[in-house]
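Multiple structures are listed underneath, in C-alpha cells.
One chain, chain A, links the two complexes that follow: it is found with chain B in the first and with chain C in the second.
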Partner chain A sequence: MAEGNIEMKGDYFGSTSRRAFLQQFVTLSASSTVLAVAPWVNLLRAEELNYGSSSSTVRIGVVGVGSRGQALLLRLLKIPYIRVVAVCDNYDINYDRALKITENGATGYRDYRRMIDAGNLDGIVIATPLAEHAHITVDALNAGLHVFCEKAMARTLDSIQKMRVAHEQTGKILQIGLQRLFDPSYLHAIHQIHLGEIGEVTQVRAYWHRNSDWRRPVPPGSDLETKINWRLYRETSAGLVTELATHHIQVANWIFGDIPTRVMGSGRIAYWQDGREVYDHIALIYDYPQGRQLLYDSMTNNAKYGLEAQILGDKGTIEVEAMKGFSEAPSPPTPGILQLINNIREKSFSVLPIGGASWVPELASTDLGENMSQGNYDSTLMSLEAFAMSIRRNEIIPGLFREGYHTSVAALLGEQAMDTGTTVRWSQEYTIPTNSVNEYGASHS
Partner chain B sequence: MGTRMDIVLPGLSEDFGTELSSVIARQIEEVEQSLSVYRTDSGVSKLNRLFRGSGSIVIDDAFLFDALEFSSDAYRMTKGYFDIAYGGSGNFGQVCLDRKNQRIEVERPGIRLDFGALGKGLAIDKARACLECAGIDNGLISFGESSILALGCHPLGESWPLGISHPEKSAEFVHVFQITDASLTVSSTLRNGSDGSCTMHSHIKNPFTGQLVDEAKTVAVVAKSAAIGEVLSTSLVVALDGEQRDIVENANISEAVSIVFEGSGMEKQRSWRKVILK
Partner chain C sequence: MKDILISAERLTSEIRVFIGCFIATFLLNLVAIVRYKTQFQELISQLPIVLFLTVVMYLALVCLRISRNMLSRYYAKYFGR
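Up next is the complex of A and B:
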C-alpha cells in the first residue's frame, strides 16, 4: 500500500511535511556523490518508504526514556508502521511518563532484560545514559534483536569494541543515533563540496557554545545526583566530547571521506565549579590524512556563537548549520559598472547606462537551499524510519554503522588526548574497512 | 540598506584601492547600524519597537538623531512629499525633535520609520568625505546604480557621463548627464526584472491623496549632497506635475529631470516625454 493510502497517526507531523522532506531525498538520490557517502539515501526515497500491510509492522521497545528517550519515543509513536510495544526505565518519573506518553499502550519494564526476555520485539531503541549503552546493546543483539543506540555509542573504547563484535557476529542491525547522517542540509552541502563548488577542503571548524549548567533537576534530599546528572561525572560520561562533539566529528569524517590519524586537545573546568568532573571547556584538533584538520571547541558559559560547522575550501566556505555558502571570489560588478570598467580599460569614453529603480543585488553569500526541516518532520524521524525500514527489509544499511563507530572511537580518543595532554594516534584496530564499491572507505597509513 | 555598492577608483594601486574600499565599507557599516531596517539591532529598528508603546523616546545614537533632523527638514522642504514615516496613522509632520535633550516625541504611537533611500544618500555623502580625505580626486561609487557619486571625472574625459536608459532599450538614452563632483540620484516607479522586462513598481503612494502613483515615471536629480538628491528624487516621483517645480525651486540641487513613459507596459517600446525641472 502506498503512503498516501494510510492515515497518518496523530498530528505531530503532517503527511505534507514528510512528503516534502522525502522529496529532498529523491532529488539527492540523483547525485552519485551523495550516494557514495550516504548510500542510505537511495533506500529512503519516498517510493521506498511505503508502509506496506500491517503484517510488516515493526515492534519496538525503548530503553531509557529520559530527555532524549522521550523525544525518540514521541517520534516513534507517530510512525504508522512502528508499534511501540514496550518501554523501560529504572527511574520512576521517567517510567511513569513513558507509559503516559504511550497512553498505556506499551508494557512497562524497569529491567531491560525482562523486556527482552518477554519477546514480541523486532528491535530496541536505547537512550539510556552512555555507560549503559554497551551491555544493553550486546544483550539485545545476542537475543536476536536489532538495535538503534543513541550516540556516542559507549563510555569506553573496550565497550565500543564489544558492541562492534556483537554486531558483526550476530549480523543484526546496529544503528548509532547521529541524525545529521539523514539531514538533507548536510547531504546538499556534501553534494556541493564533491562537485567542487568550494574547491579543495582542508579544514572543518566546528563549535558548540552554550550558556547553561547542563544540570537536570534532582529531587531535594534524594541521592539521585549522579544518576540524573550522569553527564557531569566521569564514570558515566565523557562530557562535551561525547554528548556534543560527536555530531561534528561525524560531519568532519564525512566531509573528508576519511578518519583521523591523531588527535590533540585541552579540556578544563573553567567556570562551573559545582562538583562536576567533566570539562566545561574543550578544544580539540583532529588531524586527517593529506594535512586536513578538524578544529573543534565547546564551552558552556557563553552562547553568542551557538552552533556551527564551517567547511573551508580554497574556492568557498559552507556554514552548514546556517545553510549558507560563500564564495572566495569577489562578486561580479553590476552590468553598468562592468561596462564602465571595461570602457576605461579599453580607453573608451562611453556613457554609463543607469537603469530603473533600485534593485536588490546578489549578495556575497548564497543560501544553499531552504531549511530542509519541513514542518515538524526532521532528520531524527528520518533516522528512526531508516532503522525501521532496514528491519522490515532485514538489511543492514551499508556504511551506516561505520560512521557511528568511527565517530564514537574518535570522541573517546579525544578524551584521552585531553586527559593526558598528549597526542593520541588512531590505531588500525579501530578502522572498519570498506566492504563494497558502494561504501566509501577509510584508509590511511 | 539591502543594496549593492560598487566602488570604481581609476588609477590607484590595488592595495590602496582595497584599503580605501575597506575604510568606506566601515563608514557605511556605521550608517547601516543606525539606519537600516534590515537589521533588527539597528538604531531605527530599536526606535520602531519603542514607538509601539511610547510617544516620547530619548535617542542616544547621534547619527540617527542627525538623520531624523535631516528628515524633518526634508519633510518641510518638500511640503510633506518626503516622508520617512509609515504605519499607524503617522506621518513625519507629527514628530517633534528636541535636540537639547536628544528626544523624539510623536503624537500617536504606532508610527514606524524607514530611512530607505535617504540612508543610501547619507552613506554616499560619508563615502565622498572618505575619498576627499584620502586625497582622491576621481572616482565613482554606485549604490544599486540609482544613487551614484561622481567625483572628479572619467579618466578619459572632463566629467562622468551618466545616462538614463530607456527602460526597454538600454542602448537608448532618454537623458545624459555630464557630472563632476556631484551625485546623481534616480527614483522610478519602473522596475527592471532580471529577464529584461520592465514593470510598474506599484508601491509608491501619494501621501496626500493616498493613491498609488500610476505613472511610469523616472526622476533624476543631480546635487552636491546625495542625501538631498535622494530627498528630491523621491519626492518628485510622487509629486504631481504642477507641484514639482515648487519643490525644486529653492532646493540645493543643480539639475532635475522628470521623464514619463507612456504605453501599456505590454508594448515593447514605450514612448516618453521629458521635463527639465532645473
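Up next is the complex of A and C:
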C-alpha cells in the first residue's frame, strides 16, 4: 500500500464515490465483530457527515510539511469541513511550498510554539521527524489542542510515556497516524478472520522490501544532511522499525487482539555503507500469548517481493496488501499410479520417511486466490477525517490511541532487541487496559 | 501409393491386443492403489491416465512386433530356406 499518493485528482476516494465508500463503513459498523475490534468505524457513518454550518468547521494547523506532511496537507485541504489555518516548518523549502499549496490561505510559522500561542486552532497535525513528535504533542495537548501525530509516536519509550500522560491528563484527542486502521480491506479481513473464515490464526508474516538508499537530496554545501535524511540517524529515528515496521506491528496486534509478550531480532547494515546509523536489514520475531507470532523483515536493496502482510490460519490465508484470500483446502494425495510411475522413474520402490510412500515436493500453492478488494480508497484521508470528526463531536475515538501507543512501544522494544541481541520482554507498565476510561467514548471538554 | 487393406481378422487381432493392454494397465492401477494405499475411486478417476498408458503400451507393442517381423524376414531372406 503506497505511503501516500499526493496526486489528488477529482474524487479523492479514487474510483469509489465518497458516499459508496462511506457506506462500506456503515455496513462494517453493523457487525458486532468489527465494532469489537475497530470501534472507531462507528464514527465513519455517512449520515454523521454534515457540512452544514460553519460552526462545525474544524481549524487545523500542520506542523512539519516535508514529504509526509505535504501529503497530509493536500488531503486536509480536500475535506470540506476542515480549514487549514496554519502551517509550520523551519525548513524554508517546505515552508514556502506549504504556503503555496494553501494558496497563502494559511498563516505560516517557523516555530510551532508561536503557531499554538496564536490560537485560532482546534487541533494540529504533526508530521515532523520522529524525534520532535513528543515535545510538540505534549505542548499542544497542554495548550488545549487535539493532536494527530504521525507514527511512530516518538523516538524513545520515555517520550512515548510523556505523550500518553499528557493525553490522559488533558483528555484531549491524540490520534496516531496508522492508516490501516481505516482501510476497508483490512477491516474486511478482520471481519473475515473473526467469522472464522481462515480458521485459527497463529502467525502473521509481514515484510517490506525496497530497493533504494532511502535518501532525499541535500543542497550541496549545506549542513542539512541529518535534518533532511533524519530517517538514517539514530538520534532522530530508529530506521526501518519505526518508519515501516510499525504499520505491520499494528496489524498483528489488531489481528491477534493482543500485545506481544516479547521480541527478538537482528539488524544490520549489510549494503548501504554510506555513513547511515540505522539498519538497512531488519528481522524481528514478536511472540504473542497462546503461541502466536509476528515474523517481520525489511530490507532496502531488493524490491522483488515488495510489501505484504500474510495472515496465516489453519483454514486459509489472507494477503491483505494484495487483497487476496486463499483457502487451505487439504491437497488430495497423489494418485497411486502416478506415485508408481514416479518411483519407476526414480528407480526407488522403498517407502521413504519423508512425505509418506512417495515423496512429493511441498511446493507453494499455485492457487491465484480470491479478490478481497473493497474498492479504491484513501485510508490516510479517512484517518484524517476521523480525527476531524472526533474533534467536532468532542469525543475520543475508542481504542484508537491504544492501538498507536502499543504499536509504537513494540517498535522501540524491537529496536532494543536488535541492538542488544537479546530477547526483550514487554513490561506491564506499557499496557493500556482495554477498559481504560479514556478509550471508550469518554467525552472531554 | 498402394491402398492398405486391413482385414477383419487383423482388426480383430489388434483390438484384442489393445484390450489386453488396457486390462494390464488397469491392473497396474489396481496394484498401485493397493501398494500406496490410496483410494479405490482412482480406478475410475484415473481412467484418463490408464487410457494414456494403454495407448503407450499398445504403441510400444506395435513397435516391438514390427521389429520382430522385420527381423524374421531378414532371417528368412538371408539364412532361411
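Quick notes
Criterion: the second predicted complex is superposed on the first by the 370 of 445 C-alpha atoms of A that agree within 3 Å, B and C clash if a C-alpha of one lies under 4 Å from a C-alpha of the other, contacts with A are read in each partner's own complex, and residues count from 1 in each chain.
In this text, a residue touches a chain if its C-beta (ideal position, glycine included) is under 8 Å from a C-beta of that chain, and two chains touch if they have at least 3 such contacts.
Small disclaimer: the values here were computed from a predicted structure and weren't measured.
Of the two partner chains placed around the shared chain by superposition, neither chain B nor chain C is touched by A:293. Of the two partners, chain B and chain C, it is B that touches more residues of chain A.
Of the two partner chains placed by the overlay, neither chain B nor chain C lies in contact with A:261. Legend: residue contacts after superposition of the two complexes on their common chain; A:344 is shown touching chain B, with no touch to chain C.
Of the two partner chains placed by superposition, A:33 touches none, neither chain B nor chain C.
Within chain A, the residues touching chain B in one complex and chain C in the other are 333-334, 336-337, 340, 357-358. Across the complex, chain A is touched by residues 2-4, 6, 8, 10, 117, 120, 140, 142-148, 154-157, 160-165, 167, 170-171, 173, 176, 184, 186-192, 198, 201, 218, 220 of chain B. Against chain A, the residues of chain C that register as touching in their complex are 28-29, 31-39, 42, 45-46, 49-50, 53. Chain contact summary for the complex, chain A toward chain B: residues 331, 333-334, 336-337, 340-341, 344, 347-362.
By the touch criterion stated above, chain A contacts chain C in their complex at residues 333-340, 357-358.
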